[in-house]
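A short write-up of the structure that comes next.
Think of it as A, B, C and D in the order they're written, each chain with its own count starting at 1.
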Amino acid sequence: MTLQDAMDRAAAGIAKATEMGVPQNIAIVDAGGHLLHFSRMADAWLGSIDISIRKARTAALFKMPTAAIGELSQPGGDLYNIEVTNGGLVSFGGGLPVTDADGRVIGAVGVSGGQVSEDVAVAQACVG
Amino acid sequence: MTLQDAMDRAAAGIAKATEMGVPQNIAIVDAGGHLLHFSRMADAWLGSIDISIRKARTAALFKMPTAAIGELSQPGGDLYNIEVTNGGLVSFGGGLPVTDADGRVIGAVGVSGGQVSEDVAVAQACVG
Amino acid sequence: MTLQDAMDRAAAGIAKATEMGVPQNIAIVDAGGHLLHFSRMADAWLGSIDISIRKARTAALFKMPTAAIGELSQPGGDLYNIEVTNGGLVSFGGGLPVTDADGRVIGAVGVSGGQVSEDVAVAQACVG
Amino acid sequence: MTLQDAMDRAAAGIAKATEMGVPQNIAIVDAGGHLLHFSRMADAWLGSIDISIRKARTAALFKMPTAAIGELSQPGGDLYNIEVTNGGLVSFGGGLPVTDADGRVIGAVGVSGGQVSEDVAVAQACVG
């Protein structure tokens, strides 16, 4: 993913978040999970900076939405407490992989700052 | 929040804790989550030093009581295992944001050393 | 500092880096050291992501250029090995505080990706 | 050391720092290196919060002034890079042990926020 592509995705997310009236943190990482772009909107929770970056990283490292991991990480689940690995993963909604025209994962976005459903909606706007 | 304001809040918390007969650790942070003041009463648990500071930081970074996060971070909840983010959050009671006359968050207090209900009562005494 | 202000500073830094032909990581934090905006240019070193963020955070937390700390942290210096504090500081050039019209520190920029002199030149373009 | 004793020492340090016109962070730990009291004066560097606590902890854990460790931790010295142990030590001036009437170490103070010589002067005011 290019920086320009990431900037366009962040702008789409900010537009959606502004429309929803929810200040968000938006992180975009490459396929290796390394940070490519980050934006924090005015009044967004400071604690969500780290969460947005971890959501994006988690989605990239496992090539799936963070919420899909959360379904398996509950008590009794196959991936119970996987969150403590990799220096700290996030397994609730708001992290989504980004794929190219061939379906290959080229990066991921992570959004944090609102209710989880709001984070997911903004992440979807970034994915496009 | 000024240091004098923090000292007054700590004194109010210590008075309450003394009245309750529970030795407490009381941490006060600014709006950015940075430590401003800390007091440990005689015989308070050493393990609660870190917890009180993390409670205050958590409440500041998310502008809400730590217990409100705990309601969402349980198994099956929207924010399951959010505690592993931000270098370690605390999501049970005892951390409360402090607001100014306009309702703006200017910092937070974190109290640890007793039962959670006791920690909350002392934190409330600090908030005033 | 507003997000728009940070975006403008990042754009100024990217323009300078492009002119110099050096791919850079550019991080911008608020006065509390919390990340506000980040951009990684194509082909910039992945190891410099973290360094750029730490440079910005270091400059904000001490309200001075990172290089000023490095002058004091050498063997025999007043602040020898200060880098191991605060979860890891960076004390070589490329982190600069940003001040408002009254000289008050409102945030900081951190640049990493080239020679230190190149990082400093890009950081200066961000500060303006 | 009692909390009241720590509060009195912090007050003495704040009085000295105010007289010197240097905003300081003042940390006081017990003989085990565990935080007992902390105060941050207005406009003190945020990066010095952590440093003051580490100075106090270092002085308590080794029962000597932090500067004495720094003399041995230089390149070629007996304790080269000891700073990376114990989760991060500080070996420049500003951390001093506190002893009782029998010369037994009962805790330590750590001061950070000014030039090292200023930090030491305030730490000495705390030790009394």
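As a convention for this text, a contact is a pair of C-beta atoms (placed from the backbone, for glycine too) under 8 Å apart; a residue touches a chain by one contact, two chains touch by 3 or more.
Every value quoted in this text rests on a predicted model; they were computed, and no experiment measured them.
Rounded to a whole number, the gap between the C-alpha centres of chain B and chain D is 25 angstrom. Averaging C-alpha coordinates per chain places the centre of chain A 41 Å away from that of chain D. Once the centre of each chain is set as its mean CA position, chain C and chain D turn out to be 29 Å apart. Residue positions of chain B touching 2 or more other chains: 32-34, 87.
Viewed as a contact network, the protein chains fit none of the simple shapes, being neither a path, a ring, a star nor fully connected. The list of touching chain pairs reads A-B, A-C, B-C, B-D, C-D.
Residue ranges on chain B touching chain A, taken from their complex, read 32-33, 58, 60-63, 75-76, 78-82, 84-87, 89.
Looking at the complex, you find that chain D touches chain B at residues 2-3, 7, 32, 34-42, 46, 49. Of all residues in chain C, only 30-34, 87 touch chain B in the complex they form.
Residue ranges of chain A in contact with chain B, taken from their complex: 45-48, 50-51, 54, 70, 73-75, 81, 83-84, 88-93, 115-116.
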